[in-house]
Each structure stands twice: as structure tokens, then as C-alpha cells.
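In C-alpha cells below, several structures.
One chain, subunit A, appears in both complexes that follow, with subunit B as partner in the first and subunit C in the second.
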Partner chain A sequence: MILSQFIFVPLLAAFLIVLFARKKENFAAAIALAACAWILIVSFIAFFKLPSHGGMILNNTSGWKIPYTICLILDNLSSFMLIVVNLVAFLSAFYAIQYINHFTGKWNFFALFMLMLTGMNGVILTGDFFNLYVFMEISLFSAYALVAFGTESEELEAAFKYATMGAITSTMILFGIGILYSYTSTLTMADVGLQLRSGGTPKMIFLVYGLFIAGFGLKTALVPFHAWLPDAHPSAPAPISAMLSGVLIKTLGVYALVRIFFNVFGAPTVVLQILMLLGTLSIVIGGFLSIVQWDFKRLLGFSSVSQIGYVVIGFALGTPLGILGGILHLFYHAIFKSLLFLDSGAVEYATDTRDLRQLGGLSKELKVTSATNMVGTLSISGIPPFNGFFSKLIIIIACISAGQIVIGIIAALVSIVTLAYFLKVQKHAFYGKKGSAKVLEKVPFAMKTAMIILAALCLISSAIMIPSIRKNYLNPIVETVMGRTSYIDKVEPYLDNGSVK
Partner chain B sequence: MWNNYLFLLVVIPIIATIINLFVPKIIKKLITLASVIWSLVLSIKVFSATTLSFSLFGSTIFQTDTLSKFILLFINILSTIILIYCLKNVNKEYEGKFFLLFALTVSFCNGVAVSSNMIAFLIFWGLSGLLVYLFGILNAPKSAESSRKAFIIIGTSDVLLLFGLAVMYVVTQNSDLYLTKITLSSVLTYIAFFCLLLASFAKAGAFPMHTWLPDYAKDAPIEAVAELPAAMDKLLGIYLFARIMMHLFVYPFAIQAIIMIIGALTIIFAVMMALVQHNARKLLGYHAVSQVGYMILGIGTGNPIGIIGGLFHMLNNAIYKSSLFLSLGSVEKRTGTSELEDLGGLARKMPLTFIAALIGALSISGIPPLNGFFSKWMVYQGILKTASQHGSIWQIVLNVCFVLAVFGSALTLASFIKFIHAIFLSKLPKKYEGVKEISFNNWFANLLLGALCVIFGVLVFAIPVKLFLLPIIGAGSIKTLLLGFYSSKIILYFFAASILLGLIIYLVFKKIRFDDEYVGTYPTTEEHRATGVEFYNEISSMSPFNKIYKWANKKYFDIYKWGTVFSLWLGNVFHNLHSGLLHTYAIWMLAGLVVVTIILLSAI
Partner chain C sequence: MILYLMCFFLFLVGVYGAITKRDLIKIILAIGIMGYSVNLFLVLLAYRTGALVPILKKGLDIPASMMVDPLPQAIVLTSIVIELGITALMAALAIRIYQKYDTFDITKIRRLQG
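Showing the complex of A and B:
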């Protein structure tokens, strides 16, 4: 039962907000925050209870057994993802309590926020393809609405682009699912995997690969499917940008890619090579694009394209070390990128602009923001002992030991570019000469607290690199991904024997 | 854990910093001082112990050998002296933060010196580089640009180190720096070697990674410049360089020759730039680059005398360069400027600072019997010795390096005559007539560094060579290594004799006429004051130097500038492709799908 909470609690919160909190907007924030806190605690409980369940908890949602019913599956990878998503969601929601005062329709915001969270948790937990699609659409549609939340022309345009491109690729994904269903007559992921394993690889499956790479590639914002992101992420309110860049692209994108291609299709080499190529392109193009941006949040958006490339090449290496690097970078990036987006939100809140050319000298006036931004900058640029250093180190070592020396060099070089564009932010926003923008308003308490907690996490989360912790908590996750079809093997006992083999 | 000296060396200053977060300014100073002195005592204990080690999470992370003990000791000695200087007269605006960072500096530099584990080394290396930035932005907004430049280049050094060590780890499957030795053979090993080499160059400030240093020296708080780029970064950068050359790699002679050429180029390029600077901080900054060339040349020779010379020069440079920065700092605190044109005649007003600066200037110019002479002399010997062991082409190349090094030394003297003359000797501007000598702690620390220069010069065999340098290369006696004959006593006698002679001449012909100055028939005004810099302007208009200086002013030799130009160009190319039009993006997406599908289909 523990699993359905992840979906029902935020869903319920969303409806409660719409039903009861339309007039009392503080009530809306309270409900949202309570729901987030609740599932954050539950996700930690689930994470620590998981080993005693043999590494997998499977819930059938009806009296039938899979594949005749839909199921929720919690394994090491999904419980880890739940922590990442709900942690960022909680802190973003906390930040939003006061940040959202600048907008009207607070209850709308929180309701959409909760729906988005429902979708993400659903994607992480679901055990079948069609629900993956459904939950993905739930979170995407709330994301489209949230991007347009400011209802200025720029924001509406961004949301429109995002929605159009999202819809095209969702159709591709649905098409892919359709092909799979027509071949295997089942939608349960493990069952699909099982049948493909026993029935050999049909040629048609390559088309599915292509559709899924393009489809989930857009959600991941891999080049050349990235073009929506730099418009959408800056347009959304800051806590939503933090959610989009911090966890949405990872849940709908990276997690789905990894789950499907590693655990269901057994990590075909050609797919890994394509992902490697797309990841490298993203690293380079996203990195160099960031350096010429003057909009604080747009710069962060392009930076996400670049950083997600690191995550993807980590997984695409296919070696245990590479996957470890990918997982770590996914987690760490969620922390420092949400921190940076929240910082940008604080700057915008205080000065009413995000144009770096107009900002300047904020370090004396926005002390917490500039200090936390410093921590975020150092983390994302991989300066030790902040968390980004360790994931970058592992990804680079993994590249070299897998013989991908050129990609290792590119990853290393772009990390210099990363440092360069974040120092640009530091110089122009915080330490350079005073700009034309004035500090109009102080950054309120809740926003500061959320930023400070994330900044502390940038340092504290490095501790999972301590060998004993890594062995106990990270290695099982790596094994889940690495074990490829072990996912199928684990789900197989739950399958109804009458299923078509 | 809490009785392990190596662990304490790193942890005590960090604890001091944590306490410092919560106490008032005056106690902050005391706690910082106490922790740094404690660290000094510990480093002396470590130095006199044989070898120590410290393990964490089941692997050895800290360890010492003769080289690291030597570096560790001087990190702490120099930091203590510089901290004494900082006790008073640090800019009030950032004094509190300054002391927080200072204790951290000591901790992190100690960490670099004692780390034997690759990851620990990387972490402390990165942290010590981060401090350069954090110190730099204390002076924001003035220093925002130069701090950014410094941190990008130093961050590059971190990344290079990370990449180099990652390759070494993959090649050897060993993360202990003390147990790793790689023979350069495959491409991978060459990549590792050059990455580490450039990392050490960026930290120490050698060509082509040096360009952050002069800019940073100009804008950052001067105490921080004396502590980090002038002292600690030299010790750490050259420490890594020495470890690469002596312990980590086995390399062919051609590599050595290339490194020596880089060393010689560093000397001559930087000193030429120093010669024409109008700002004292930049002048010293370029010298901080130029002197690194001698260290690289010395250690690059690969023979014992050259290595001793290079390491000794690193030590000497750390001492006199921080001393010079500190004396400039004193001048700046009293006059508020570091522009050579605006200064002059301060020797009478600030005699103790003058003496310290003079000793530093003579040392860096290599005047015997001061320490700077001796280390350069050993470096020269090392070059000649190496040259004599190789074929005629190499001999010519190395002799050119030798000549450049000697010529560089002469130009160093020339530019320090400018420095001393322009600040202390030329005519005093009217506005500085009320200037007074700097506070006790400032000149005391400054003279302490000067005293080290003298002691290490006069007692060169008895103290630095015997105690610190010979153990590193494991040789018993310096006499067997040296060519020719050198006695500091005789030099001292010559000095005494010439000073005596000067005095006699002065006393015998004691006829000095003081006159007022006139221009035309009018007494000179302030605008006619002869500053100490005009003479040197000739050089920059001389052919072919005028062209080179022009290029240098356009930053053609600045790797940072090229990096910026390239990244902005590439960024703009990508940026222009993003038209913002939905149908363009949709086409990319579909094209992506088509290409991916084609790749997939071709794999069937």
C-alpha cells in the first residue's frame, strides 16, 4: 500500500486545493506542503525498508495479477528517484510559499504543482508502458500550464512551443508503445522484456528504439531535441524551473530511458552508442550556448542541457562506474541546479529583472542569495569538495577506463566552460559593478531557508561517496541498472502463469 | 586520529575557522594566529620525524616524504610571517572574512603537501585554488574581472589535474601518488603527463598558463597576493612539478628539453613585460611569473644540482616575492596608490620598509651573497651540466636557454632598479610629505622575510642546502655536486670592502651642493617632478620590441583571451541557429528522429 501513497497523496492534495482552498490561498500552500512533506518521509521509509523486501516491492492495483492488471513497482532505482524528486519538490514548494506572492492564483499554482508531482511519482513507480505514458502526460500538461503561469506573451509562447513539441514526441512514444503491444500483446514492462528475450529480437523493435529515443530524448532535452527547454525553463516561476530542470527532465527523460532501454530491452549496444553521441552533443552545445546568454535563467536552462548530457553519457557507457557516475550526477544535478534556479528566482524577486547586464554588486545586498549561489556555482563547476566534483570525477574516470578517451576530454573541457559561464553570473550579478537594477524588495524567509538547505545539501550529499555508504546504498542501484534483465527476473514470479508466452 | 600530526595539520585551522564564524574580530585574529602557530609547531615536528601517515576509510590518504616535509615546513613558516603582517592594517571592509580565509589557506595548503592519495590531493588542490578566488572577490567590484580570470585558469588547472590523475589511475589501478611511477610510452601516459604538467604550470604561473597572475596581483587584496600567488601557489605548483619530474614519471630527454625551453621562455617573456609596467603590483606580478621559469629550468635539468637549485629558487622566490609584495602593501597603505608615477622618495619616510624592499629587490636580482644569487647559480650549473651530457644540437638549444636565463636575470635587476628608484628614491611628491613608517607588525614581518633572505644567502651551505635540500635528492654533500668555487664569506668581504670604500670616498670628498631645481627660470612644480618610470618607456618604443609589446597589450599571448574568443564565437554560432521559430525546432526534432532511425536500421 505504501506505493500508492506516492500517487494518491499529491493527487488528493491537488483536488483538495481546488475544492477547498480557492479562497484561502494560505490553506492551499499548507495542503501542498503537507503532502510534499508526507511523501518525502514515505519515500525515505520506502528507501530504507526496501532491502528487507529483497530489493523489490510490487503492488497489484486490483485482485488480478499482472499482466492482467496494472502494477506499481518499487526497486532500488525507483526508490532512489523518489527521494530525489520529492526532496526537490518539498524544497521548491517551501520556497514557493512566499515566492508565489508575486503572482495571482496561488491555489492554481499549488494544484498544478501537485498534479505535476503525481505524474512524476507515477512515472517512477509504474510497471507498465501505458501508465508510463499516462503519468507522463499528467505531469507534462501541468508543466505546460505552469510554464505559462505568468501569462505574459513570452511565457505563453514558451508554453505553446513546449506543448507542441511535447505533444509530437508523446505521439511518437505512444506509437512506439503501440508497436510493442501489437508484437507482444502485453503492456507490462517486465512481460514485454520477457517475451522479447525468449522470442528473439524482431527487426521492428529498432523502430521502437528510434521512437523512444526521440520521444524520451525530448523530455530529457538531449540535442537536437532540446530546443523547447531554454524557452520553457526560464519562463516558468522559479520553483517550477527548479522542478523542471532539477527533476522533471530526469524523471520523464533519463529515468524512463534507463528503465526502458536497460531493464526492458537489455541495453542494446547501438542504442547506447546513439545515447553517447547525443549526450556528447548536448554537453558541448549546451555548454557553449550558456556562455553567450545574458538572461540568468536562460543560461541555467542551457546549462541543464549540457549537464543532462553528462548524466546520459554516464549511463550510456554501460559500465558500473559510468552508471554510478550517471546516478550520482543525476542526484547532484537535481540539488545544485534547483538551488541555482531558486537563486535566480530570488534575484528576480528582489530586483525584478534577470538580465545580467542590468544586475551587479548584489553580493552586499543579497547576502544569502550570493552565498548560496557561490555554493551552487562551485558544485556545478565541480570544485571539490562540493558534490559535483565527485560525479564529474567518476564520469571522467569511467570514460577513460571504458576507452572513450575523446569523450572524457570533451567532458573535462566543457567543465571548464561550465566554470566560465557561472563565473560570468557571479561577476555580473553579484561581484561586479553595480548595475541599473535596484534591490526593491528583500528576499523573504521561506525562500532563504530553502536555498540554505539546498546549499547545505550540496556539501552534505558528497558524503555518500564515503566507501561504506556507497557500498550499501549506491551499489544496489547500480546493480539494478547494470543487471539489465534482473528486473525482469524479479518481476517474473509475480506474473500470472496463464499469460501468453 | 586526534594524535596524528598530519590530520591535525589539516583540521586545526579548519576548526579555528569554524570557531571564527561566531566570535568578534579581535578574537578572530587571535584564534587564527594561534591555529597557524600551532600548525607551524606541528609542521616542525613532522619535519623532524621520519615519515608519518594517516589513513581514512581504509586507505592511506596522508603521507610524508622528504620533499613534502620540506614544502610543508615552509608553507607554515611563510604563512606565520605573513599572518603577523596581516594582524594590523588589513582593509577594515573585509578584515573579518580575510581571517576566516587565512586559516583555511593554511589548512588546505598543508593538505596538498601531505596528501598521498589522488582524491585527497585533488580535493585540497581544488580548495587551495578556490581560495585564490575567494580572496580575490574580497576587493569586489574592482577585482571582479581579474578574480574571474584567475579562477577560470586555476579551475582549468583543477580539471587538468583531475584528468591527468584519472588517466594515471586507469593506467596503474593505483590511487597512491607515492607508489606510482609511469614510464611515458602510450598516448594515454603522455596525456596524463602533459595534463599534470600544465596543472602545475597554471598554479605556479608559468607560460602559457600564467596570464591570471599579473591581473590578479593588480586587483586583489595585497596580503592575499603575498600569501597565495606569491608564496603558497609557488610552493604547491612547483611541488607538483617536482613530484612529476622526480617521482611520478620516467620520460625521454626530449620532454625535458621542451620543459626547459618553456622555462627559459617564461623567464624572458615575463621579465620583458615586467620592465615596462607602470603599476608596481603588476610589475611584481610579472616577476612572480618570470621567476617560475628558473624553477622549471632547474628542476627540468634532471640532475641533482639543477633540482636543488630549482627547489631552492622556489623557496627563495616565495620568501622575497612575498616580502616585496608586503613592502609594496605597506607603501600602498600609507599612500593609497601602487602607480609608480605617483610615488617617490619614500625611503626617508619609511626606512624599514625600504630596507626590506631593498633586500628583496637585491635577492630577486641575484646579487651575491643573498639567497637569490645562489639558487640561480645552481640552476645555471645544472643547465650547463645537462647540456654537456647531450649531443651538439641539444647543447646549442640548452645554451640558448642558459643565455636567456642569465639575460633575464640582468633585466630583472634593471626592472627592480626601476621599482626601488620610483618608489623609494626619486623625488618625494608633495602630498606624501606627511607619510609615516608603517605599524610595527608590518615592518617586523617584512624584515623577518628580509632576514631569511640574508641568512639563506650567507649561510647557504650550513642551513638551507644541508637541512632542507640535500635530503630531498638523497645526496650527502653539496661540494661534490658543485662546479667551480663559491664562498659566501669572500663575497661578504668584497661587499664590506666596497661599502667601506664608498664611505671613505664620501668622507674624503664631502662636498655636496644642494640647489633648488629650475625649469627655465621658474622653480619646478609638481608636474615637472621626475618619476622613476620615464627612462624605461624607451624600451617599449624600441624596434622590434614595440611590436611585441603592442601584441602583448592586445593580449595576443594570453591563452585566456583566445579561450574567451573561441568560446564566444562558438557560442554565438550555436546561438544564431536558435531562431526561436517553432517549425525550425520541429524540423530538428524530426531530422533527429530520422538520423537516429537510420543509425538503428544500419545496425540490424
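Showing the complex of A and C:
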């Protein structure tokens, strides 16, 4: 199993597009789609082959052994994240083939898209702190550029805001990595964990905690750091909004937080408490700010802030049930939030506006969009047969069984708020009185297909909750996160502890 | 120790600038200052008084304890490249914003609200 193909296939696709597909724009889309399909298939193969490799595949990227080289590590958590990312990426790319006709510079779009995917796959696979930083910057660069892709004044403003905040916090992360390196003299994550475990808790580690919470917290859009998200995500083209809200905030934010704080630092209580507080604030503030929005995509952006709070409190509980809920909600939110963003893109494509006050009565003309949006609404608000119900239920039960009854009640109440603001979307966009906006264009085939597949996944992915599937495929992931030293123990045999050659 | 403190002070200067300045270009410069301070910090980590180049070669027998640490220097190179990228991207964005809004003042660039 060559892990680097998750990184070099999209990177190669990006460069091939720039080199050969500048004039032939359909060729650019074909390359991008082929690369996405290839790594999607490989990520499924990796997921199902992983148990036969003992739950961890480690590739050194040069002739040296870690800690003298960078390593790529595939374990249960990262293989699961790869599937989530590449699934959403494939469907977004498929949707973009026809959506992007409204923009110029199609090849530019696909090249940046592939670079963003490279960065995200790299962040998921890497086992090295500095490499994590580099891949994070690769995907953030492309994200900044893609947010500004429309080059209208609002989009440039949002991109500048995002770039400023992203750059400040990335510098903080690099500073934290420098401090860690000065203490442990290594950059390999498992080795850092090993050194910290044997060396006790130095005081400087709290500075590192703070820098990392601010850094990765901003990428996650937890509440004090959320201000960029409702600007940046709606400004991007719809497939990119789906990627940003669906997977980017989870990969660079939640996944990196979980990997670093649970697997490397051993889940320190103080960090879990901070994350719990920030998660609860995100749920409440994101939820209530969503209600007052009139821009369809901005509403979805605030909703992402609220929903990411559920994921974070799931992990921050630190109990197996909470982590299961966090993982499930991460996966399910990736599906239904991408679906909702793609729907909003279809509405914008058809009517050229996304102001809910101008829309109305679209359900007759945009049948597929309306139906899939209804599925997305029911999923995100947690109505039983759809997937959102199960993850939210597990998180709420986990809160109550961990003794955090107040947070459980807040989570349950904000779930009703979620239903309220999505019913607002339904009323003002798809049902109710006919608005001033007219349907100018039909929603094309590729966009419809991508939305229908995601809507079907909203139902099908509930099947993960069948006990035998859950036991075989989800429990190992929970154990990877929960077993605070299992990651370090699994990597330790690969470490070269000899003297410098 | 005094060097590390001054380095941290430089970092804080960058943070202060990025937070309080209203001009897009000054914000970009402040982010640059933050980046420089972190690069300086990384180079300081590698420094050892009286140490020599980290090259293994016959006839140049430097013991490992008398070498500077080469890893942070490699990191600094990468991080400089990344900062170049971010500065260029942000400057490009600032130019496009100026074309749209005719100002660099962030208090006047606020069409996104709510």
C-alpha cells in the first residue's frame, strides 16, 4: 500500500491541468474527476485492507527511518477521514463540471481544487508536525484563492479576512511547533508524545496548548474564532463551499485537534474542558445567529459553526460514546452540509440570487433541488430515519451519561433551533409565496446527479448504526482516539533510536 | 534568554499590528513581522555558542555535540517560502480590493455584515 499516492495523484493532476488543459477546459474537468475517482477508490481499498495490516501502515518517505525522516501514517482514524474527504471531493468535482460554466478560468478552478485536496490528504496522513503545517498551508492557500474566485468585491473582502486570520493562526501553530521542538528535539508526532510521556509535564506545554487551540480552533471555526467562516464559506463557489464546510474545517480543525491532543498529548483534562466550553458556545451562538440570516449560504455558514460545535463536544467528552458521536456527526455533517451547499448553489445557478426574501415557491420548478434540500433539512435537524438523528442522539446521550446534563439539554434545544432555521429556508425558498426571483436556467444533469447521490447517502449512511457494522468498523476508530497511548505504542517499533549516522 | 524574550516581543509586535492597524498593507506587513519572529526563534533554537557547520566529511572531524542543529534551518527555508506565498497572495487580494473599493481602509471595506 503506497500511501503517498493520496498526495501525489491530486498534486500531479493539479500540475497536469495547469500544463496541458489551459485551452481545453473539458480536459481539465476530466483530469480532476479521474484523480478524485482514483483516490476515492484507493481510500476505500485502504480502509478495508487496514485490519489485515494490524491497524497501522507506516511509510517512510526517504531511505532514512523516523525520526530522521517524514513518515506517512494510515491508521483507523485517518483511513476513515480519507473516505469522508475524498467522497465529498469526488461529488463536489462532479457537481462543479457544469456549475463552473458560470465562471471563467475553469482550469484554474480545478487546479486549485486539486491542490486543496492534496493538502487535506496530506494533513490526514502525515505523522510529522512540520509536515502537517506545510500541508495545512497548501490547502489553506488554495482555499483563500478559491474563496476569492468570483473576484467580486464581497468575495475579495471575505478572502482577505480569511487569509489574515488564517495566516496569523498558522504562524501561531508554527511557533508552537518550534517550542515543542526545542523541548523534545524531534518533530515526529509519536516521538514527541513518547518524549513528553517519559519527561513529565513541563510548564511550557501549556503555552503550546494555547497556541494550538487558537490555531486549530480558528481552522475549526469554534466560537471566539468563527468570524471568518460566515463570510468565507458563502463567498466561494458552491462546490468549494461544500468542500470548505463539509471537510476542510474538519480536516484542518477537528482531525488535527484530535490527532494532536488525544494521540500525542494524551488528552489533557484542561484542554478537554476548554474545548467543551468552546464547543457549547459554538452550538448556541452559531444556532441563534443562523435564524436571523436572509442570505441562503450565509445561513448555512452559521449553521456549520453550530454543527461543528456538536462534533467538538462529542470529542471533548472523552468518553467512548462521546467520541463515537463525534466521529459519526463529523461524517454525517460532511454529507448533509455538502448537500445543502450544493442545493444553495443550484438555487443560485437557476435564479441568480440567494437572498431568501426574493426567492419563494421554487418547489414546482426546481423539483430535484427542492426534494434533496428537504432531505438535507430533515437530516441536519435530526428527524429519525435520516442520519443526523443518530449522531445527535448519541452525542446527547453521551453528554448526559458523562454527567454534563446542562450541555446535553443545550444540545437538544439547539437541535430544535436548527429545525427552525431550516424550516425558514423551506418556507422562503421552496414553498410559500412566489418571490420576485424567476427561474432563468434549468439545473443541469451533473449537478442534479451529485445532489441525488448525496441525498441518498443521507439515508444509506444511517446503516452504519447497524450493530455489526458499527462493531467492525467504527469501534476500532473510537479505540484509536480513546487509546491515548496506542498511537505512540504502534509507531514506536518503527523509530530509529540509534545515534546520528 | 534575553534574545528569546526579544524574539517573543517581536512576535507580539506583529500580533499587535495585525489586530489594531486599519490599513490592508500594514496588516500584511504585521503578518510578515510575526513570520520573521518565528523564523528568528527557530534559528535561535539551532544556534550553539562556538558550534560549527553540520557537515560529515573526512578530514573535518567535528563531533556531533559541536555542530549547530541543521533541522530548524531547513524548516526556516520552507517557512520563508510559505510566507512569500501568503504575502504575495494577500498583496494581490489587497490590489484587487483597492480596485473595487478605492481604499485600503478596512473600516470602509465592509459590505459583508450580519
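Quick note on the criterion: the second predicted complex is superposed on the first by the 497 of 501 C-alpha atoms of A that agree within 3 Å, B and C clash if a C-alpha of one lies under 4 Å from a C-alpha of the other, contacts with A are read in each partner's own complex, and residues count from 1 in each chain.
The rule we apply is simple: contacts are C-beta pairs under 8 Å (C-beta built on N, C-alpha and C of every residue); 3 or more make two chains touch, one makes a residue touch a chain.
Note that this is a predicted model, so its numbers are computed, not measured.
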Contacts of A:175 with subunit B and subunit C, given as first, second, both or neither: second
Touched partner set for A:103, first subunit B, second subunit C, both or neither: neither
First, second, both or neither for A:292, with subunit B first and subunit C second: both
Touched partner set for A:164, first subunit B, second subunit C, both or neither: both
Which superposed partner A:397 touches (first subunit B, second subunit C, both, neither): first
Touched partner set for A:231, first subunit B, second subunit C, both or neither: both
Subunit B versus subunit C as contact partner of A:47, first or second or both or neither: neither
Partner chain(s) touched by A:187 [first = subunit B, second = subunit C, both, neither]: second
More subunit A residues in contact - subunit B or subunit C: B
Touched partner set for A:15, first subunit B, second subunit C, both or neither: neither
Subunit A residues contacted in one complex by subunit B, in the other by subunit C: 160-161, 164, 168, 230-231, 292-293
Subunit A-facing residues of subunit C, complex: 11, 14-15, 18, 24, 27, 31, 34-35, 38, 41-42, 45, 64, 69, 71-72, 75, 78-79, 82, 85-86, 89-90, 93-94, 96-97, 100-101, 109-112, 114
Subunit B contact footprint on subunit A (complex, rising order): 160-161, 164-165, 168-169, 172, 203, 206-207, 209-211, 213-214, 217-218, 224-225, 227-228, 230-231, 269-271, 273-274, 285, 288-293, 360-361, 363, 378, 381-385, 389, 392-393, 396-397, 400-401, 405, 408-409, 412-413, 415-417, 419-420, 423-424, 426-427, 431-434, 466-468
Of subunit B, residues touching subunit A in the complex: 57-58, 119, 122-127, 129-130, 137, 140-141, 144-145, 147-148, 151-152, 155-156, 158-160, 162-163, 166-167, 169-170, 188, 191, 563-564, 567-568, 570-572, 574-575, 578, 580, 582, 584-586, 588-589, 591-593, 596-597, 599-601, 603-604
Subunit C contact footprint on subunit A (complex, rising order): 130, 134, 137, 141, 144-145, 148, 151-154, 156-161, 163-164, 167-168, 170-171, 174-175, 178, 181-182, 185, 187, 230-231, 235, 292-293, 295, 298, 499-500
